[in-house]
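The structure follows.
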């Protein structure tokens, strides 16, 4: 017998929340991006948990796709971070306020 | 356990394959070619793909009209009128954008096939979204669309704003994506599937006594979509990104993203989660009001036309949301009509802005337009028509777009909502007209130079204006098409 | 008869139109004779119509010209009503007009807008004829307004003088106040009786409730006070003297200003329904007569004296109407037309000879130099003063007798007024023609010249009429007199009590005594001095501060309110609300712009908070 | 209570996973040095992998470790190194007024709300798998997953092609533009 | 029943004229000539139509030249035109005002766009008056904003930008409610009777509504029309727009576009939801009376002639509103007649002010004085127009005002009684203004002011002729419009009856 799915779901939700909080409070683009990865992991954990409770492989398959997306995002995202860093020599998003209003 | 590959109805997949194929072809070509690919060649490939998609759309339409809506590839893809119209809209917007990009690329010294390839691939993402019948596919389409645009936003190395836009768009976009996919996960948990048909079937055959999980999932999905369509309060990326991105790319954002995201939103909300409509509607109600009003009011304070258009497009998104709010066939048809006609108009608008923006893509202060309509009556006049269409003046297609969603809203008993939306349009009229006023104003003494109108961009503008005027005078066919398309999607 | 009546009406109009369209270089002579001729012809036709009417059984002709307005139940034909009353009016209107036209050709000689003057004059006659001949209240209103407009144009004839321009405007506006009364009367009648033609109104008048009848009468009275310069709307008339003197004679003495009296008499069948209304009329008339007479005693401008005299005399007429003596009112109207026109024309002759001088202080001793003007003026003076056997004596006597029978107080007021009348007219006469010559400064030492024949001929004719006019309704000649002639068309008001012959004689004696007292007083005061503030009380000279009061109570507050409305309410309040909305949008935009801070983490926070709100809503929904 | 209801190992596994995940996540949140953050991230990723295994997602756990920890985090680290380690200045000071409390409040309420919603529907409401078979572990899991990917999720699987093309082309463009500009300068 | 092609021609001729004007822009004065030609054709055509119009097409049916073609079934959009007595005068007015505006815009004859906009505006206005379908009406109604906006924005005075923007946004806001109301009504109608969505006036008028709904709909409609008319207190865009617009634009705005408001109030608000009148009538009547008095009051104090005419128009529109809302056929006919007369009169005013402005480059009252001396003809023409506006019998203004007041008095005596004070007020502000401008002694540049030129006199001829003719012989016109008005009022009375 396994622990109830609820535990994992709460764990995932908390992880999601930590990721979101990190995204909102960290100023480094890289770390914000890592927080997005945390959030995606929370999603994955949720998917897997539901897959177990529903006895459905679909949830696990979905995780597969989320991972692909995460990989693709990282590729592009880090490219952008690097591009921005090249220009501004900083990854702090707080310095990106040229456009507002 | 033998593996049975699901049957594939290739007609349904043809548009995506065509567009994505074109992207691959271009990539390969540019990789093989010793020198950067000539822009004309890229343009030719994109246009050929778009034309092909339009033809395919025609074939698909007649197929759907004869056989009704079908799904294929294990029900992950749907071939219905709604998808066909969305496909056509995306192809049209892509073709027009490509025309603009062609001229812009030459001036901005952005050579090579990268921009067309990314544009094609993004559009493929949008196509995935409009015909997706599975939340995972929607998500993948969304990501494909977005990733391409993240890069495109930052493609202009000559302006700092471009990279800022790219990073902002990217960070916020991936945040929204994470929210969206979390929503997918919760909906999956609530319904046991990510397939829209299965979800609809599950919700249709079971009474969900404890809908909390479903609600949570739906809320997260809504926020994800809300971000993509720039609904208030999830809109804040859009003015900055619109302003910073290269102008032709902004045109794509305003057109293709809206088509993809709205059609997917309608499909998810109306067809899959339709039974829970009463739950979503208050949220959408608030979203519509906030989006309409904030878009209109903030537009008033803008001196940069790209930001102005960003707020304009937020305001327009509010109207498109109206159709979603109704949750009815008429509303879906209204939203469909809206995005279908808005897309070419907004691309053409940004085409004009691209031209006026000049070589560095920097002259976007509204004062830069002073006397344009007097100096260059055709270009200025075209812009005026495009703005009037977005404003919703009669005899432009924008009027009927607004009319379509409003009548649907009133059918669903949303009198107050319709009134608020229309009043926001009246506020928005103020900033459109201020722009128009600048256009027709007397020239200043220094006499700005003429804006050159290259042929391809000119063609794009012309098409946009033609859509605005022709369907403004004679909206019947498009209206009937949109209505029919919706009937073919919602039985 | 139809053709006759139509022609009477149309001739002056044709004259106006012709005069308007003759080439600019046409001579004064041509224009003058054309316009005078058509009015003369009109007069001749009126006489013919009168004769026809006299020998006709019914003495009532309705002439339908064309349908002017017909909407639903509202039928307004352009129709004429020829009956004793209208034909009497038409007769003296055309007659006096013809004379004054003739006079004007001399008086206006050399004026810049000579032709325009005569166009207006002809138009005026046309309008006046429309007023009196009309078969419906609406057409009467047309004429009513028409004469008002002509009066406006003619008073402000010397438009480059600010006083003339203001006077014209004032005349029109005061008239307009009266017009509101006439309109309301029409509306009331139409809403109750569904007709506005005189004959139908009279035949259905019985359906009016007493309240409505009183309201109608009061509305008509308001109309009459405006047009006939009665309290409270009388003070436009003295100002109207800014117009050329023939205009004052014709419009502001003989014809137009009596239109109010005519209207009341015309509507006598309705008046008959409301005794309280009639009492109001009588009081207004009596008080006006008295007030105006007091004012006239202190005026220094010859025309102003005559103007207040006119107001006062019309007050008598209104008094007569109020006491139900319609015949007496008309009698006085006709007689007054004769002598007042004569007075004005005489005054005009004097003014003409003194190069436009109107101040009594710079006249005196003119009798010697104006051999025709002087005797004719003398006749007029005696007539208005009420000396027998001139027309004024009989006419005024008739009114006072009726007043006496009706209300002793009103009669007493009338008698006092009669004393005052004799006094101020004698004052004027003495200051103008007798005493030392004070005009040399004006004429630069030269002798004044008598006017040309075109001006003196009307004087003579009018003098004859003023002297003998009394015959049309001599008290002892009942039978073919004016009163009998008019009787069929007048609303019947039962006399309080019949007057015995002895009473009549006594009353006549009182009248004569009053006249003599006034005369003697004036002579004793004014034969030896030309100005004296003891006898020219400033309160009276300032018209009882009537204008000042209006200015303080109505004029200035209204102007201030208008100013406030224009400068404060309009931009700040009404448009201010609009501006506030616009401002709110702008301020909202500025506030919201702050949220759009450019910080990507703010944007993310907004998204998160948006999500938070949605989730909270759903939690609440689940319960 | 717990011990009576559930086998001790599964609790242990859960607690292990939870600690790994939470500590790692908080680490990402708290540490100043991005390299440390990346390492914390790995901690979380491992924790998630443990949770996967505990819930019969063996193959995914493997992929998690290989793809995430092995590729993605390495990529992060690569970029961090590429950009230089000492770039993160003053990250402990929050310049945006109210950002942290509001973020904390918003996130807490949201997560709390979501948990409440999940709890209200007893954590799961969906239909069980149409096949009715419970999830296999080990090779069976891989087989099942493969079958799903090539049947139900075939289209999604194909669609990832587009995604990856975009990612690759995008990365290339971002990199190449860099070079082109440098050359131009 | 006559062919509907006449009406189609009425819509197309100005558009062709606009096109021709743009094409002829190269040649000197070409655009202007084409435009004048088109306007003359349009006027001739209008007169033919007005002459042919048969008020008794089929029994009680008073709609002539009618046709209906559905253009976009899902939207319920149809081309549905027809002419009845209610539109008749306004259609004529549209063509007439076009001619006058063109003639008043002679100094703009080098600007093809200006005349083209005028022609387009005419087509839109014509469409609104001919439309027998709510949505079609709305499209045309709303469309008039665009050309008027450009006319003010491009050729207006110093504050044209603000004026044009305010005008547009104000009226656009107003029509928002109108559109919502129309759609609501059409949907309600469809829900009741089924079938395709339709906005045909005839159909919509037959919708059964609850009392409350009717009131809300009426308010929604009335707001749009009150802004357009304008009805107090939604008028504040008008003085600014009238004053800032060029002469041709002021003429179009005040003489024509204002009538769209009162026409809409009658045709759409009263015509479609008469049930609401039970509750809203006192309110609207009161607003009308307030407008009459307030407009007159402000007109007294306003410092320039164009604003004066604007406030005078506010008062006059108050009279029209009074007539439209009175529930009396007499007053309604009077209101229709006043719409026409006021159009002619204001056009006359703005033309004359344009003449003065051309000479003195100002229409501020304080800059002008004693003009009658050097320019007697100008003064005379102004006098005629002014007297017509004051309501001097024998001129056109009187007949209409009289009908309105007497008709309203039979149904709503108190309001009519107060409105009658407006008769007094109009005389006050106009005469005072006339005195300040034309009377007194001319000095400085006013002293040698040129009198009306031959061309200018000819421009004023139609105004004067109409002012006199309709004052003396209004009956032929009244006869033609009566059946439709009676039909409408009967419908209204039947609906209001408990």
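Letters A, B, C, D and E mark the chains as written, and numbering starts fresh at 1 in each.
In this text, contacts are C-beta pairs under 8 Å (C-beta built on N, C-alpha and C of every residue); 3 or more make two chains touch, one makes a residue touch a chain.
Owing to the predicted nature of the structure, the values given are computational and were not obtained by experimental measurement.
Shared contact partners of chain A and chain B, listed by label: C, D.
Each chain gets a centre from the mean of its Cα atoms; the one farthest from the centre of chain C is D. Per-pair counts of C-beta contacts peak for the chains A-D. Taking each chain's centre as the mean of its C-alpha atoms, the one that lies farthest from the centre of chain E is D.
Relative to the centroid of all protein Cα atoms, the closest per-chain Cα centroid is that of E.
Per-chain CA centroids place chain B at a distance of 42 Å from chain E. Chain centres here are Cα averages; for chain A and chain E they lie 64 Å apart.
Rounded to whole angstrom units, the spacing between the C-alpha centres of chain A and chain D is 6. Centroids of chain B and chain D (each the mean of its C-alpha atoms) stand 30 Å apart. Contact of a single residue of chain D with at least two other chains is seen at positions 96, 99, 103, 106-107, 110, 113-114, 116-120, 123-124, 126-129, 147, 152-153, 156, 160, 163, 166-167, 170, 174, 177-178. Residue positions 593, 596, 598-602, 604-605, 608-609, 611, 615, 618-619, 622 of chain C are each in touch with at least two other chains.
Annotation for chain A: residues touching 2 or more other chains are 9, 16, 19-20, 23-25, 27, 32-33, 49-50, 53-54, 56, 58, 61-62, 65, 69, 72-73, 76, 79-81, 83, 93-94, 96, 98-101.
Contacts between chains, counted with the stated touch criterion, involve the pairs A-B, A-C, A-D, B-C, B-D, B-E, C-D, C-E. On the chain A side of its complex with chain C, the touching residues are 20, 23-25, 27, 32, 93-94, 96-101.
By the touch criterion given at the top, residues 66-74, 113, 138, 141-142, 145-146, 149, 152-153, 156, 159-160, 162, 164-166, 168-169, 172-173, 176-177, 179-180, 183-184, 186-188, 190-191, 558-559, 561-563, 565-567, 569-570, 574-575, 577-578 of chain C touch chain E in their complex.
By the touch criterion given at the top, residues 166, 170, 233, 235-237, 239, 294, 297-298, 300-302, 328-330, 333-334, 370, 372-373, 376, 383, 387, 392-394, 398-399, 402-403, 405-407, 409-410, 413, 416-417, 420-421, 423-424, 427-428, 431-432, 435, 438-442, 472-475, 478-479, 482, 486 of chain E touch chain C in their complex.
Of all residues in chain A, those touching chain B in their complex are 9, 16, 19-20, 23, 29, 32-33, 36, 39-40, 42-43, 46-47, 49-50, 53-54, 56, 58-59, 61-62, 65-66, 69, 72-73, 76-77, 79-81, 83-84, 87-88, 93, 96, 98-101. Those residues of chain B that touch chain C in the shared complex are 167-168, 171-172, 175-176, 179, 210-212, 215-216, 219-220, 222-223, 226-227, 233-234, 236-237, 239-240, 279, 282-283, 294, 297-301, 427, 430.
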